[in-house]
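Which chain is which? They are A, B, C and D, in the order written, and residues in each are numbered from 1.
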Amino acid sequence: MTEACFDDSPQATELLAKTWQSPPGFFGWFTHVNQRKIGLRFIVTSLIFFALAGVLALLMRLQLSQPEINLISPDLYNELFTMHGLTMMFFFAIPAMEGLGIYLVPLMLGTRDMAFPRLNAFGYYVYLIAGIVLYISLFVGAAPGVGWFSYVPLADDFFTPGKGPSVWTTMITFIELSALTAAVELIVTILRQRAPGMSLNRMPLFVWAILVMSFMIVFAMPAVIVGSVLLYLDRTFQTLFFVPGGGGDPLLWQHLFWFFGHPEVYIILVPALGVVSTIITTFTGRQVFGYTALVLSLVAIGFVSFGLWVHHMFTTGLPQLGLSFFTAASAMVAIPSGIQIFCWIASLWGRQIRFAMPMLFILGFFAIFVIGGLTGVMVASVPFDTQVHDTYFVVAHFHYVLIGGAVLPFFAALYYWYPKVVGRLMSERVGRWSFALIFIGINLTFFPMHQLGLEGMPRRVYTYLNDMGWGDYNFFITFSAFLLAFGFFLTFYNAVVSYRTGDPAGSNPWNADTLEWATDSPPANYNHRHIPVVSSRSPMWDVARTGERPVVGGLRADRREILLTTVLDAEPQAAQVMPSPSPWPFFLAVAVAFGFVGVMYIPLLFVWAFFVSFLMIVGWLWPRRPWQKE
Amino acid sequence: MEKGARPDPGPNISVVVDVREFSRFPLRRVAPIWWGIIGLIIIEMMVVLTFTASYFYLQMRADEWLPPELPLPDVIIPSFSLGILLVSCVTMYLAGRAIDRNQVKRFVVYTLASVLLACMVLLLRWQKFGELRFRWDEHVYGSLVWTLSGFHFVHVVSAAIGTFVIAIAGMVGYLNKQRQIGVIVDTMYWNFVALAWIPFYFVLYWVPRLI
Amino acid sequence: MIVKRNAHTGNRMSCGLGSLLSCVMASTARAQNEQTVFEPVSDHAEGIVWLWWAMFWVGAVIFLAVMLLLAVGLWRARRPNSGLGESASRNLVIAAGVAIPLVILLTLVGGSLMLGRSIAADPPPNVMRVRVTGWMWWWQVDYLDQDGKVIASTANEIHVPVGRPVEVQLISADVIHSFWVPQLHGKTDVMPGQLNSTWFTAEKAGVYRGQCAEFCGVQHALMAFLVIAEAETDFRRWLERQAAPAEMPENPRARFGLEVFLDRGCASCHTVRGTDAQGNIGPDLTHLASRRTLAAVTIPNTRGHLGGWISDPHSVKEGVFMPRTLLEPEELTALTVYLETLE
Amino acid sequence: MGNKVVIIGKLWRLMLPIALALLSGCGERASVPELPARADVKRGRQLAEQVGCGSCHRIPGIPSANGQVGPPLEGLAERAYIAGILPNHFDTLAAWIAEPQRFAPNSAMPNLGLSEDQARDIAAYLYSQGRRNIQTGEEF
């Protein structure tokens, strides 16, 4: 091959960096489209929401710390637990996982950006605006107080007048937009932009997990969008979809909501499982055992999770025969989870492991997640579920699953990829304290809740009578919750302080095998100086072993070009010129947000917002002159 | 194959793929946007499916479906408008073929014809709304009829405007054989909108007759 | 005096989770729970608690086994070259990740289905029928005769004869509630526009507390009720009394109280059978004085609480639909005196 | 919005007993010296909770007592008069609790049918929640 297609000179590097540069300054901020910028925004914003939801949880715990106290009024308490659930599910867990995906996937695939950079930016603004509107609603006393599940008829305007559930319906639809754009974007990026040679069976497990998550989002979220549109119509136009007197049915809402709501849990869990595989691979220094089995179990979890939704409805009086099917399906989802757990144990068995922070969080994940999984199998049993459904037992169960299954791996991911993002390592000393407090805090906070549930304490109660004898448990739980919160705070503190004082990381501090470690820390504007060519599942280790770094040549440095490859085998196919930074996604997000917020007050604003948004889209997509240059 | 040398003793970089000659105008299945539109269509398809499933769920839970005082829905005009919608898919296909052959004028004519057909459909639909003898807040059947029709109405409007914009892009001379991906994805979305009417048409006009 | 306390100074150590926990909080643990799954008094609840213990022990063993496996695996790293080979790994995953879970899960699913079938079976023919209506945030209880006609109506208190199956038909007056008495049976949701029912047999006399278990608005937390299981003869006597209309009070102050009740708005929501008060938005008060509690088991039924509840329900149960009633002091006194005659 | 501000105030009120409880293991306050021997503060608290004082009065130390029908009973010991008509002594308080109508026939406060001892217990509890000993005048 000729010299011409390969220019490694500093001038060329500088030109490339300038081409992929995001515009500086305050106004420039609104035009960024680079996937690392957007991904980082997603992660940081989601962590802020995590902290906010945590504060709400602590407020609730204070109210419950003693029986019959009046620290928080019942109305406000209901808003708090609704907002806590909504924030953790929609504004922390999904965006955090998507943020990881958006930041890391293109780096791992060896490409320079996502497939639709402007859509990416749009998704972020939508997320940000939805979150801000939701929290404003809390401070002006219009927050939804009907639970994150927003069951009808309670959420109908007859029983809950005011704006609360309307905020729920519009903002949920709005944030789902963000999730859906990110999902489509991730799918297309993963399928079409892998480095040459990275066939599907050489793709990192984390990328597989993100792919499965994205597909689940695409298939699950429309159900809740339809549900919330119908609820919005019921509330605003007095349609009768969920009104029993008019032929509607409240159970329809539950079906729509849980058809989304159950996969939602796995949408959060699946990428976390990918993180676990990644970190175990790195810290054992060899490929995790059972690549195929792990991929297949991820896919299986994705599929099965769509057949479980009725297990949230065991007490609604559905026919017994139908329930049996969902019992069986719910129990069987333990099998793919079990396969993963034992693949990991087999990978860890007898290996020399570096017990750095990410690995510690993964070990914590094992203990917590297994407990959550076991209680999950228990509540799949219909008779037992009728006793513990909607009690603190279930609260304990899903906090074990979600904190154990998603938050701990997410924190592991923070420690693991922080050096890549920032260029410095987080402090191990503070990290260990943080981990210890979190691990102990989880167990002290949530384990007693099992007992509370079995002793009859229902969920979503703002208080309980002194005579019930639940006071001591609750006091203890509240105390432990502060311990747990302090543990989380330490990691936040660690991240902030290490930003300036951490040890310099170098490009591959953990000696990991995937491509995101091939580039500088933090990565340059263009991600990879040269698009790598891959011939195994561990490209970085190949480079270390052979001393050869095969790359792609011929992409131009003076404009944003990426390489497209085939879906299955990642054979190079074409190049694509990517769009440049643009403020249009921001304008569009504002226009759409205006519509969504506006329809709560004036339904006809829908028409106005529809056309303005359309104009924005045209402005966004309209080709810039001169065209001939291409 | 020539090796590029680097000053530091890092791994040797070797160029094994040269993409200089690759097309910068990927079309159809090669273009990411094609996949993106497929994603959008799958999402919308799930929405259509969910609406349809909700219709059947409510219909099955009901003792009697069509409120007794109502006549059976008319099928002639809706069938006619479905026909127009399907014909517009053909004109869109012809428009796509025209741009693929660099026949810009013909392309503009076909797209405008499609938009016109869509406008006819919208007109017929609008008239249907006026003829409905019930409101959306009288019974759940009424809620469904209004919501499903309205949902699809909005989609036809957006497909029509989108296609109109594409036609303008054709008029100002942006589109040609190379730069036709916009046409391709617009046609895909158009076809989806037209086909999505079929399940709605079925549940709105035939289900009350068949049960 | 207060409502409850079926005086089980129950052995906390009998509960596995509790015993683990009591190490941590031994000094503060009290045992006066009245709404616990652990002390079943019906076959249904007993079957479920048996299932719980079975699952608990199996789960505990699995958890310990997995952790032990992980610990041993990590421990082995101290020796060189002790990693699992390909086939050993595969065997581990197939045995521990697929085969063993499959057997356990099938057993669990089978057992749970069998138990579920027996619980969901139709009640025996000698069943007594009670219709319970869920309101925001209290329970209306109607006793039905063979033809489904209402014999007697009360609120937040369900008296049942010991040893006799009771079918509870559940309907909702507003939103979704969930009927739950842990010592007797698992939950059944109270769905608007849908008739759900459940049945149980209380095998032991006592007072069992139940509570709404589906979030139903502002005062979901304080929407409890009592199931009072008593001997058949006591129950008969009680039901007869409840079926009778209220007697005209003789005491002049109580008569004045009745006037207050009729004139000052109480009657527009409440019924007292035998008088002109026929409201049907709030609980039937015909035999209010026979009840143990007020405001859905929030406060004991004493004169002090009654007076305070009438004067300002919102400071007892914020957000409740009963309005404040501003009465002259002597009207309030007379009203409470009258209500206390409704035995 | 306003309730957010209230929360902060309430937070402090709540944190104090938590801190105390952590220090001492339980939240019982020390009993008041100088009270008549026959009165039992602890029993008084239980009685006050059960007979229903809390449905009309706010009473310190009883979280469920939130009533706003009658005056709040915080710092009752420091008041000069009971119900605006009786000088505030232990014995008059007990007598008032036992039978308000004896002093104010028109009072809305019901006669709860308490025995003299019970009334004294309740009075003792209410006094114990003040910061000043009514008989000695000392702060404690």
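The working rule: a residue touches a chain if its C-beta (ideal position, glycine included) is under 8 Å from a C-beta of that chain, and two chains touch if they have at least 3 such contacts.
On a predicted model such as this, the values are computed, not experimentally measured, just so you know.
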| item | value |
| --- | --- |
| Those chains which touch chain D and also touch chain A | C |
| Distance from chain C to chain B - Cα centre to Cα centre, in angstrom | 53 |
| Averaged-CA centre spacing for the pair chain B and chain A, given as whole angstrom | 30 |
| Distance between the centres, which are taken as Cα means, of chain C and chain A, whole angstrom | 38 |
| Distance from the mean Cα position of chain D to that of chain C, given in whole angstrom | 33 |
| Shared-contact residues (touching 2 or more other chains) in chain B | none |
| Where chain C touches two or more other chains, by residue | 2, 28 |
| Contacts with two or more other chains, residues of chain D listed in rising order | 66 |
| Pairwise touch network: line, ring, star, complete, or other | other |
| Chains that touch, pairwise | A-B, A-C, A-D, C-D |
| Chain D residues within the chain C interface of the complex | 25-26, 50-56, 66-69, 106-108, 110-113 |
| Of chain B, residues touching chain A in the complex | 1-2, 4, 6, 10-26, 30-33, 35-36, 39-40, 42-44, 46-47, 49-51, 54, 57-58, 61-62, 136-144, 146-147, 154, 158, 161, 165, 169, 174, 179, 182 |
| Residues of chain A that touch chain C when the two form their complex | 73-75, 78, 146-147, 151, 153-154, 159-160, 244-245, 249-251, 289-290, 293, 315-317, 320, 323-324, 327-328, 331-332, 334-335, 338-343, 345-353, 363, 366-367, 370-371, 374-375, 377-378, 380-391, 444, 447-448, 450-451, 454-465, 467-470, 472-473, 475-476 |
| Chain A to chain B touching residues, read off their complex | 1-6, 8, 115-116, 119, 180, 183-185, 187-189, 191-193, 196, 218-219, 221-223, 225-226, 230, 233, 237-241, 243, 246-249, 252, 255-256, 259, 530, 533, 543-544, 546-555, 561, 563-564, 572-577, 610, 614, 618, 621-623, 627, 630 |
| For the chain D and chain A complex, residues of the former touching the latter | 1, 3-4, 7, 10-11, 13-14, 17-18, 21-22, 49, 63-64, 66 |
